[in-house]
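Look at the two complexes coming up: chain A is in both, with chain B in one and chain C in the other.
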Partner chain A sequence: MFKRHESKDISGCAVVGIMNEKGKTMRGDVITNAIAVMHERSNGLGGGFAAYGIYPEFKDYYAFHIMFEDEGVKDEVETFLQDNMVLVKSEAIPVRKKMSLMNTPILWRYFLEVPKSKIPSGFSEEDFVVSVVMRINIRFNGAFVFSSGKNMGIFKGLGYPEDVSRFFRLEEYEGYLWTAHGRFPTNTPGWWGGAHPFGLLDWAVVHNGEISSYGINKRYLEMFGYECTLMTDTEVIVYMLDLLLRKHNLPQDIALTALAPPFWKEIDEMDKNKKEAMTALRMVYGSALLNGPFSIIISSSNSMIGMTDRIMLRPMVVARKQDTVYMSSEESAIREVCQDPDEVWSPQGGEPVYARLEEKA
Partner chain B sequence: MRMIPPEFIVKIDDTCIKCKRCVNECSFGALKFENDRVVADHEKCVACHRCTAFCPTYAIKVEKFPMSFKDNALWGQDILKGLWKQAESGAKILTGAGNDKPYPIFWDRMVLDACQVTNPSIDPLREPMELRTYIGKKPDKLEFWQDKKGDIKLTTVMEPQIKLETPIIFAGMSYGAVSLNVQLILAKAARELGTIMNTGEGGLPQELADYKDNIVVQCASGRFGVDLSYLNSCAAVEIKIGQGAKPGIGGHLPGEKVTEEISRTRRIPSGTDAISPAPHHDIYSIEDLRQLIYALKEATRYKKPIGVKIAAVHNVAAIASGVVRAGADILTIDGFRGGTGASPQVIRDHVGIPIELALARVDEQLRKEGIRHMASIIASGGIRQSADVLKAIALGADAVAIGTAALISMGCHLCQKCHTGLCAWGIATQKPELVKRLKVEEGVRRLVNMIKAWNLEIKEILGALGVNSIESLRGSRERLRGVDLDEVYLDVLGIKPAGR
Partner chain C sequence: MKIDAKGLNYRELNERIHDAVSKGVDEIDLVNVLGQRYIGTGLDREVTLNIYGTPGSDLGAFMDGPKINVFGSGQDDIGNTMNSGSIVIHGDAGNVVGLSMRTGKIFVKGSVGYRAGIHMKAYQDQCPVMVVGGKAGDFLGEYMAGGKLILLGIFKKEKDQVAGRYIATGMHGGVIYIRGGVNKNQVGRDVAVEEVTDEEKAEIRGEIEEFCRHFGITRIDDIMASPFVRLSPKSSRPYGKLYAY
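Our next item is the complex of A and B:
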């Protein structure tokens, strides 16, 4: 029942993101109301949420949300975690017991610390956490890490997003940044890990689209040691961002441009420095170009970024009301939770739109 | 007594108007005008079709000589004829052009994908569709510097690159093997198309000097014409280790073909044999290759990519890895169907492996080792059409090189008699009266047309695949499926079977 996909996962979707740039929190029912408007864009085979700022009392610890197929694999993973990290707290993720969703796994969360002694030389703490996540996902059949960042978490499962939200009692959480996803897969997965958002460290991605360049994006990541086991585009996007931003340390603008770069025709017209930079970017990161339709919302502790593919084959609407930024597949979802935005616009294809957490004075 | 039957029979019917054009055109001496009519010497006909192309009344028909042998699955006609030839001459059999034996053609057992519903296909007539490709060593990552205004500047120093506006380049064909007019056509067409041609190992004729930005010069085992000015009159230098049609052996241009002009270009006395040794005598190992690569980089002041061309042989993946680690910026892999001006038939037909398998293994090996970015891969040897180009790119090639297909656009009819120097189409010959048959401007027009047509077809397929840039297909084997291939071949090619 918990089988991962063996062939490419194909799905259409709805995405929403809401962020308060001042860090003011909102309850999970706000985003639930927004995504619920786009009910017709999903088909009940996957919904999920990423929430930031929800664990203020544990904000210094890595929060792992993990799903398990059975108690046996849970025990094995817990032993593995205790061997590699320091377990600060471990508990079941609260759910509405009366609701029954298809194939519900065991859902558990852990707050963890990295002992300095465990980090191999040449590795950063984050490299180490990524390697732990990868090892769990690959080595332990029946276990899958939903999220692994600090003061954030991913909640996802099989069902319409509004049902998944009720199941996880998200109205009880307060966060300053929320993203949500409703899936419309065209095959029939029965696996909770296949729902979105997909996350690594504090990055989470919700994604609508099908990347036509998936094959080469995946092979490119494999060169750098990433193992794409889920057969989903979203997984590829998260790893790509991790590679470009964290491992290659590219400026954020440049990394996003690598995913949806300008056309050669435009590059040829640029001034010298920019032309040189863009030409090199396309030469070196050609395999990172996400070609084909997508609109994505990429979130991390301090930012929310919305972007579409370079010829905008999937929709994206952005709105702002004072300190709150909204991004959505459809304007209707924004209007549902913010009747009177200050501005509403559709970004250009390939042009990233940012919402950033203001530095606390 | 005639032991060997002729291959073809030439029939001239009574619509012949006795214009004698065919007699003049036949460079193989198969047609004569005797007793007020055209008479054929069937044995000399090679089916180059030059006569039929010029006969105003279609009076000439070239047919296979109708002679039945007793059926024998083991002793085919080709084998028998070869044995008779050797019994007569005591020599190894020479041939030209590429391997014509019925080995499986893996291009024809791979099919491409297209978008339906879940992702949209793109209309290449309405949307941009990019084929631009840069050939050369790439860094594994880039570094940028952002100033206070937020302007971004690249701080990584890039290695030299060659910009191609199409992922199709012209394969090495030397002056000597082909005529000067062929090289002129290739150079002019390369400039017009925004791509490159390769001089082969015969030096750089002065007539090509103007086209240096679109020329790759070769440094082969004979070192013909190699000096400092040669190495700097080009876009890149290629060390030729091997050729798909004749892996492991050298070359021999007989003295009678070394004309004044060829003597000047190759820098050898006219009338002497031009010998390319089997190995480079200063490269007996991979570390020797590294020395030559860096000697050439020094000579070109690190301003030009240095390529290495190898034939596809059994251990090609490991060899390729060594070549890339030795410092090659461009790696050309030439499959066993690649063409040749002259090769012993036994080598051409029995040595080497198909480019499809070699390319798939090399790309995979370099990726496994994390060094794929260190060199561009050019695949060649039997690329016949735009579909083959697309499949090669999906398997992992940065670009492909075409030789035979380019010559066919100029008029080659693949009679495989390149080694005789009698090419009736003015392609594989040095005889001035034959060379002048190949009109340069007309040849350029035809070759440019053919590549433009391929470009259009490539864009059409990219659009159907839902991508608008060639790099999104490059190495994307997910877009290929195998038909009629067993599990082992699917595994070697790194593709799934159709239906999965």
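Our next item is the complex of A and C:
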């Protein structure tokens, strides 16, 4: 599971996201067909999916997907989980037994509840869950929590995304929001935990590119108790969003602007109020700025957001067909699953595009 | 001749195209194209490829002579370092269209993404031409070294600007014509922006007529009646002294 691959190739990854804003579900094979069109953008060293709305019968429990190197560490983590949370259900994540992917770990899922008595004062329930995830990832060698949200799940592994999808039998799941990633690792090892999406609570991120500011971002996050353990830069985006949105309560558009703010040259040309606001944002959240080329899709239970770096060093195409919004590295992937979109466009660099779940009346 | 590209891997599709061309076929209709890369790459004859669907990235890369018509939109890196021939896109094109193209022509009816015409180049009488009917993203003509880039802004939303930020950054050769105009703060340093005179308009009319012919546009006089600006480098080495302090 943790075997490192030392070779370094240069190419792009692939990202896709599909969301029905009315909450209508679709099977996992839809997004699998889309990401498979971009096969050449990955090299078989990582593929993965995030799916929302897939555990309706357990929607009030935190669904932890954990990968283990061996039974020993699994036992240790399970003891730890039972000490800290209430275990409602525990089962193997269903996989196609006849398929084998490289270095497959033990893949298990747990539906968990947080006992009020366990939450230290001044902590929210979600803070507590985050601390449990961090403690498992740091303390238990050979165990990684790769999904920890409610009514959602991340499925990922070492292989092409379409193979990973078949392996996890994703055609058997129904979700209203799916994101997918095909990986072509360039600077960090290809391994199970390093595949995308990266998730924390119900946030998940798929990312094409590289974060040159990783060191700065990582050190900033460490000040707030986030530990980067997965050897892949994308991890910082997830923790940064958790920090800015959940802990600091920033509105979505402000948080995203902190990640990809306007250039100083543009700020100089703004009117007084906006100039002051943007200057303050860049001063306060200077260490949150993501530098380097990226194209990302950020998902949560009620939204999907696509964004590229400020000068579009990685591509992003967006389309809409009635209530369904598509985001992709390449237009062909969208056309594979939606022949006749109402609208297709490419957003500006650094400009977030939103799809939002409609509030149920 | 017709090739159904449905479900074909890009290698298989390109092998079939190359086979057909080597057997003397002059025109191929490619149907159900979806994301296959490198179509037209390495072809060195004046064959015609009519593409129905969404061809993948690097369409026409390094090609030398073919005429490619795309009845749909293209993706990224169209015409990468192409040597001659033409690419006509009836929809939009992605980022980095015409990168380093050496000769030949690219016509895009709709809009282009970021960095269209990056490092286009020219040599003696060889001069690449790109005409775009919609709008262009940031870094239009970045590091442009030669050739002619014409941006018309006809097919774009009213509210959209015809071109984005950082136009012609690092430009040191060639010329960009933009119908309408641009703000000074959109343009890179050391680039001259001048009104186009009627005589000079006459010189680019031929290319715009060709664009209109491809897409069945008849209002050429209206298009030509609008003001145009010309962007050209103030020197051939704008950054020659950048590191010489």
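By definition in this document, the second predicted complex is superposed on the first by the 345 of 361 C-alpha atoms of A that agree within 3 Å, B and C clash if a C-alpha of one lies under 4 Å from a C-alpha of the other, contacts with A are read in each partner's own complex, and residues count from 1 in each chain.
In this text, a contact is a pair of C-beta atoms (placed from the backbone, for glycine too) under 8 Å apart; a residue touches a chain by one contact, two chains touch by 3 or more.
Everything quoted here is computed from the prediction, not taken from an experiment.
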item: First, second, both or neither for A:311, with chain B first and chain C second; value: both
item: Chain B versus chain C as contact partner of A:333, first or second or both or neither; value: second
item: Partner chain(s) touched by A:292 [first = chain B, second = chain C, both, neither]; value: first
item: Touched partner set for A:115, first chain B, second chain C, both or neither; value: neither
item: First (chain B), second (chain C), both or neither touched by A:216; value: first
item: Partner chain in contact with A:348 - chain B first, chain C second, else both or neither; value: second
item: Chain B or chain C, by number of chain A residues touched; value: B
item: Contacts of A:281 with chain B and chain C, given as first, second, both or neither; value: first
item: Contacts of A:94 with chain B and chain C, given as first, second, both or neither; value: neither
item: Touched partner set for A:38, first chain B, second chain C, both or neither; value: second
item: Set of chain A residues, in rising order, touched by both chain B and chain C; value: 311
item: Parts of chain A lying in touch with chain C, wherever the complex brings them together; value: 37-38, 40, 266, 269, 311-312, 315, 317, 330-333, 335-336, 344, 346, 348-349
item: Chain A contact footprint on chain C (complex, rising order); value: 10, 34-35, 37, 53-54, 56-57, 73, 75-76, 92, 94-95, 113-115, 137-139, 164-166, 185
item: Of chain B, residues touching chain A in the complex; value: 115, 117-120, 122, 127-128, 130, 132, 134, 138-144, 146, 151-154, 156, 158, 161, 367, 370, 372-373, 465-469, 471-479, 500
item: Chain A to chain B touching residues, read off their complex; value: 7-8, 10-12, 186, 209-216, 218-220, 222-224, 247-251, 253-254, 263-265, 273-274, 276-277, 279-287, 289, 291-293, 310-311, 313
